[in-house]
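Both complexes shown next keep chain A, but they swap its partner, so chain B is in the first and chain C is in the second.
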Partner chain A sequence: MRNRRKLVACAFLLAGFHIAVLFAGFFAPYGYAAQDRELPFTPPTRVHFMDSQGHFHIRPFIYGWQSDASVSGSLQVDFTRYYPVRFFVQGTPHKVAGLFVSREHLFGVDEPGRIFILGTDAFGRDQFSRFLYGGQVSLLAGLLAAGLSVMFGVLIGAIAGFYGGWIDEGLMRSGELFLALPWLYLLFAVRAAMPLHVSQSQIFLLLVSVMGLIGWARPARLVRGVVLSAKERYFVLAARGFGASDAYLLRRHVLPQASGVALTQITLLIPQYVLAEVTLTFLGLGVSEPMPSWGSLLSSLQQYYVLSTYWWMFLPAVILIPLFLTYYLAADALQEHWKPVSL
Partner chain B sequence: MGKFRLGELLALACAMAALCLFPSAVSPANGAREDLMVMENAAGKTGGRLVVALRSEPKTLNPVLAIDDPSRDVIRCLSGDLIHINRETLKTGPALAKSWNVSTDGRMYTLHLRQGLRFSDGEAFSADDVVFTFQVYLDENTHSPQRDLLVVGGKPIEVKKLDSSTVQFSLVQPYAAAERIFDGIAILPRHLLEKSYRAGEFSHTWSLSTPPNQFAGLGPFRLKEYIAGQRIVLEKNPYYWKQDSAGVRLPYFNELVFLFVPSEDAQVIRFEGGDTDILSRFSADNFGVLEKQQAAKNYHVEDLGAGLEYSFLFFNMNDLGSKALTGIAKKQLWFRDVRFRQAVSAAIDRTGIVRLVYNGRATPLWGQVTPGNKLWVDAALPHPTRSLERARQLLQSAGFSWTPEGTLVDSRGSEVEFSILTSASNAQRTKMATIIQDDLSRLGMKVQIVSLEFRAMVDRFLNTYDYEAAIMGLVSGDADPTAEMNVWVSSGETHLWDLEGKPSAPWESEMDRLMEQQLTTLDYSRRKQLYDRVQEIVADNLPVICLASPNVLVAARNRIGNFHPAILDPYALWNVEELYAH
Partner chain C sequence: MNVRFLIRRFSQAAVLLAAISLFSFALVQVAPGDFFDQVRMNPRVSAQTVEGLRAEYGLDRSFPVRYGLWILSALRGEFGISLAYNAPVGNLLIPRARNTLLLTGTSTVLAWLLAIPIGVWSATNRRKFSRRSSELATSTLLTIPDLLLFLCVLLFAVRSGWFPSGGMHSAENEGHGLSQLKDVAWHLLLPSVALALATLPALVRHVRSAMIEVLESPFILAARSHGIPNFRLLFRFALPVAANPLISLFGFSVATMLSSSLLLEVILSWPGLGPLLVEATLNKDVYVVVGTVMLSAVFLIAGNLLADMLLFAADPRIRVE
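Then we have the complex of A and B:
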């Protein structure tokens, strides 16, 4: 029962996170490429209820910034300018889930005020908006790659486990070959072989697919193990005795027993592939400016001055920790959940 | 030569013996008094060691072959030249040549060498070494990168020894910057190198694996040890030919250590931590980091203002006739239209670049000469403010139009879309590209940024021509316009936007003519007029769209005396012999 509650909680958290990312345009106050060249490296905006005179306001508000444009880092809070935070405001147009155009945003402040929940980057772009939009790339990469590798893993693992013999040997040994492959160098090679004029998102999807395709070996091994034991079950043997075909047996009796393993694998692999995306972008193989991804948000931390001066640039990383933990908790809970079935 | 009497011979033998015993004794090998150069800087204190960081290991210690910065930084401390450019005044001054005369037609230079000097191994220096040096530099088989500088009017300069301390250089035509070409031509010790040169093995000599006792030079320091992957240690040259006003022989430091620290950030951290004494070539962002700590950690940072580096955007205007690059060839119709380039230039937010990329420590540029180059910058060059309105008008007049969604299309209806190439290792240029991408999106242009490894990028510029636009930066090696010949003359090797080798428009022919003319004009004000016109042509026709010039930033421990950084390379170590520790 406790496990079930854990599972539901994880599912809710993950669903919330994915909805926020899917509808990034609505939840983000600004576009991911909108630069404010007067406000580079602005710390997170403080949302106030009490004003400088000590009066309480029901509607939260923020103060404006004043900066000397000629000197960077001379930002100061301007207590004379006051902008209430408004909800369901009209702002820059965005596409909702890639389908239709809307101007609706969850929150915002009146122009020329600016609200930056996670601060801004070197170009004065809102880190919060970029984080949400960046999730679209990174989570898509994670889901796609995890889906691909588990799909191939299940297919190959099932065939290997079910038929055994030289098929099993062949498939599993080639799986080991893939495990031993230094995938990072493979990706460098793939990238180098492609022309300049392919759009960056296409390149990126291609790289992710390559990663997903070469990642099948680990899930395949697990599924093979499950199938090996499942095909010896009495009800499977009985079905075979009644003349069931291999395809029928696999579909109806064997693979369902591996579904728990597959699902657990997906939840484990998603964060791994999201991190792989971070690595790729960190190394300059990911999506290019101005499109953000979680990797590109973190890659600015490579620079010493960012690392030592602008603490809010760490915030995306801090938010990613609970996300990945939730994924792992979900994987854990799923495994618990499926255990009785597979025994 | 007269005959020696026995007594004289004995005296000579004694002198030679004394020489061997006391190598730092003043009495020179060839009997003449040692003609030391007296420096005017504040007298310092002898002793101690200076530690600086290099970005990578030098590739060679052979001055004739060195191309990379680390090699040249080390070699500069090991060698001397005849006439030297004073980094503070940007003017030429005596070095190994004590004085020189120029013939009235400007084609003959007679250099009078300092007498009685010795190489760092104690061997005498004479006119023969100078003649040998130029022979090596001018030999085509040596492949010296500096050879081009020594070829004037298509002919290599001729070198003749008049006597043991006088050398004559003749040129086929007058050459405005003739004195400046001697800067950086390291005088080689003939006694050490002639054998390998004659044997055709010069390209292998003086590599990093050569033992220190086989090196000798006329620089303030000499090689002591090299530890692969870690450091190069130089020690004081006891025969160095400069002394301070108090008569103390330079350099002051006993040792100069170059540590190999591979990245800028690591160099900044090691400087902050006190491992190195002087830091140059770092970004404005790191300047901001260092600035905060300077009082607490006993160092200071200095912003010297605009240097000689200029960054620019340029379009591929090469003739792609024989190459299978039809996609790029189509886009060249836009790139070759001056109104298109002017529109791009008008849309770029240069002040934004200065603020966001360089933290305000840079100067926006509209021409190739930076304000740091006070002798040559054309102050009358207009600085038009950014105007999207003007950019749109220019595009419209060139036949471009906009779709209802705001996308820019050319007269045939194709969308204006191109990529900008930058070097992945240069964060500043990638940032510039991001700003320009945003600026141009306001004109409806779709711009992609492609970051490539530096060598892969240069290969596209020089060999395959497979690129559309790119952001690059160049640093003049010298303030004089002759240093820029290879960029602005259409046959130049760094004429990046079009490497075909011949002018493709009337303004290019004019630029060729002007550059050749200033090269042979001796009068400064006349040359300035000619070069001003070149700057105007570049600003009007925009073969390259100049963006910004970063300030030269340096940092040094407070204990370092005589620290006078300059905007010319090597920014901080140019007077290394005069530096000392308090």
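Then we have the complex of A and C:
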């Protein structure tokens, strides 16, 4: 019961996060490429309820920025201009889930005010908006790649476990090949086989297929183990005795028993693949500007002055910790949920 | 018996390595484009020159011929030629592999030295609240991306100025012997601690679960009722029994350690295999990619072999098999 509550809580949290990323255009106040050249490296905007006279406002507000004339490039909070935070405002147009155009945003401030929850980058682009849009690339890559490798894993593991003999031997040996390489090195080897300079969508598909292809070995092993014991269950043997074909047996009786393992593996693999995308993009082998991804949000930290001066550039990576933690907790709960009942 | 076991494991490793070499070689061969794409962009270099260069480095030959030539050069210890450095890959890899080994070796020792006492301690923690909170703490640490951890370490080095923020040698240090050793150790300190921290949570988790399982067994209860002191009970009685899965884990931990090390080496500019591999991948310097990947496989397989041998020595049940 307790475990079930945990599972439901994790599912809700993850659903909320994914919805925020899916509808990034609505939740983000600005577009991912919108620049404010006068506001580079602005720290996260502080949202106030108390004004400088000590009056309390129910509607939160922010102060504007003014550039300091004496020092070029430095910004100061301008306490004379303040902008209330408004909800469900009309702003720059965006596509909702890639389907229809809308101008609706969850929150925003009046022009010329700017609200930057996570600060801005070197071009004055809103990091929060870029984080949400970047999630569309990174999370989707993680989800697709995890789905792909678990699909391969289930297919190969089921065939290996079901047929046994030399098929099993051959498939599992080739799986060892993939397990015998450290995953990042393997990722690079496969990445080296792909063209370097191609369009954004191709790069994205490349990343997904690279990550999906290298990860099948571990799920395949686990699924094979489940299938090995599943095919000896009495009801499976009975079905075989009634003349069921191999394909029917696999589809109807054997694979459903492996669904728990498959689901747990997907949940475990998603954060790993998201991280793989982040790492590859950080190293300059993934998606590139102006398309944001979580890796490219962090790649500006490779410059020493950004790293040592602008702490808010770390925030995208920090937000990943609770996200990954939820995924891992969900995987734990799933594993508990599908634990085989001992007879 | 012992020798037969060793021979079997070594021959398995050799077959695996041969398969990996073929696999990685085939991978980089199917890649569209090659190293000379950049040269081809240059209008002042004629097509004949590029073709000549390609012929000189053997890039125009068929796949089996190139693989055969590569095997021959691998037997000479050259592992093909680096197109970017115009030097045998072997010479390029050896010093860098040494640096990577130095870093990962130090971190492995450090991580295990920390993981065992922490894991044992948290396994003995039987109160529900503190146990749950320590579990939550390790799983939170587990989810910190390596990238974030390494960037924070770099930030610490840059901001505090107490440690070198990259590289392996100081520019001014030309000394030999002891002073050079001290200099390298000084540069090694921060990267190895960072790498150990990155692998620590997973190790602690495994040590803890292995220990909890052992501590629930009847012989521990018997030993405890004989009045054996707690410390001796944990480290002399329980830990050796729990060692079996941990030794296998050691083999696996080499893999994650190498992957994390690649990223760390790039971020902290440690002159290991990582930066070389990134650069070679971007340049399409194919033989360097193959060589580096091969070498990483060698390390991993060696780690697993070592784990197998340790297991063989530690667990009599393996020997009967």
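Here is the rule we go by: the second predicted complex is superposed on the first by the 316 of 343 C-alpha atoms of A that agree within 3 Å, B and C clash if a C-alpha of one lies under 4 Å from a C-alpha of the other, contacts with A are read in each partner's own complex, and residues count from 1 in each chain.
Here is the rule we use: contacts are C-beta pairs under 8 Å (C-beta built on N, C-alpha and C of every residue); 3 or more make two chains touch, one makes a residue touch a chain.
This structure is a prediction, so every number in the text was calculated from the model and none was measured.
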| item | value |
| --- | --- |
| First (chain B), second (chain C), both or neither touched by A:288 | first |
| First (chain B), second (chain C), both or neither touched by A:238 | neither |
| Touching partner for A:275 - first (chain B), second (chain C), both, neither | second |
| Touching partner for A:50 - first (chain B), second (chain C), both, neither | neither |
| Touching partner for A:308 - first (chain B), second (chain C), both, neither | both |
| Larger contact residue set on chain A - chain B or chain C | C |
| Which superposed partner A:182 touches (first chain B, second chain C, both, neither) | second |
| First, second, both or neither for A:35, with chain B first and chain C second | first |
| First, second, both or neither for A:15, with chain B first and chain C second | neither |
| Chain A residues contacted in one complex by chain B, in the other by chain C | 196, 284, 304, 308 |
| Chain A-facing residues of chain C, complex | 16, 19-20, 23-24, 27-28, 30-33, 139-140, 142-148, 151-152, 154-155, 158-159, 165, 255-256, 258-260, 262-263, 266-267, 277-278, 280-282, 284, 286, 289-290, 292-293, 296-297, 300-301 |
| List of chain B residues in touch with chain A within their complex | 265, 268-269, 283, 285-286, 288-289, 327, 349, 352, 355-356, 359-360, 419, 421, 424, 427, 430-431, 433-435, 437-438, 441, 448-451, 466-467 |
| Residue ranges of chain A touching chain B (in the complex, touch as defined) | 33, 35, 37, 40, 69-73, 122-124, 196-197, 199-200, 284, 288-290, 303-306, 308-309 |
| Contact set on chain A toward chain C in their complex | 176-177, 180-186, 188-196, 271, 275, 278-279, 282-285, 298, 301-302, 304, 307-308, 314, 317-318, 320-321, 324-325, 328-329 |
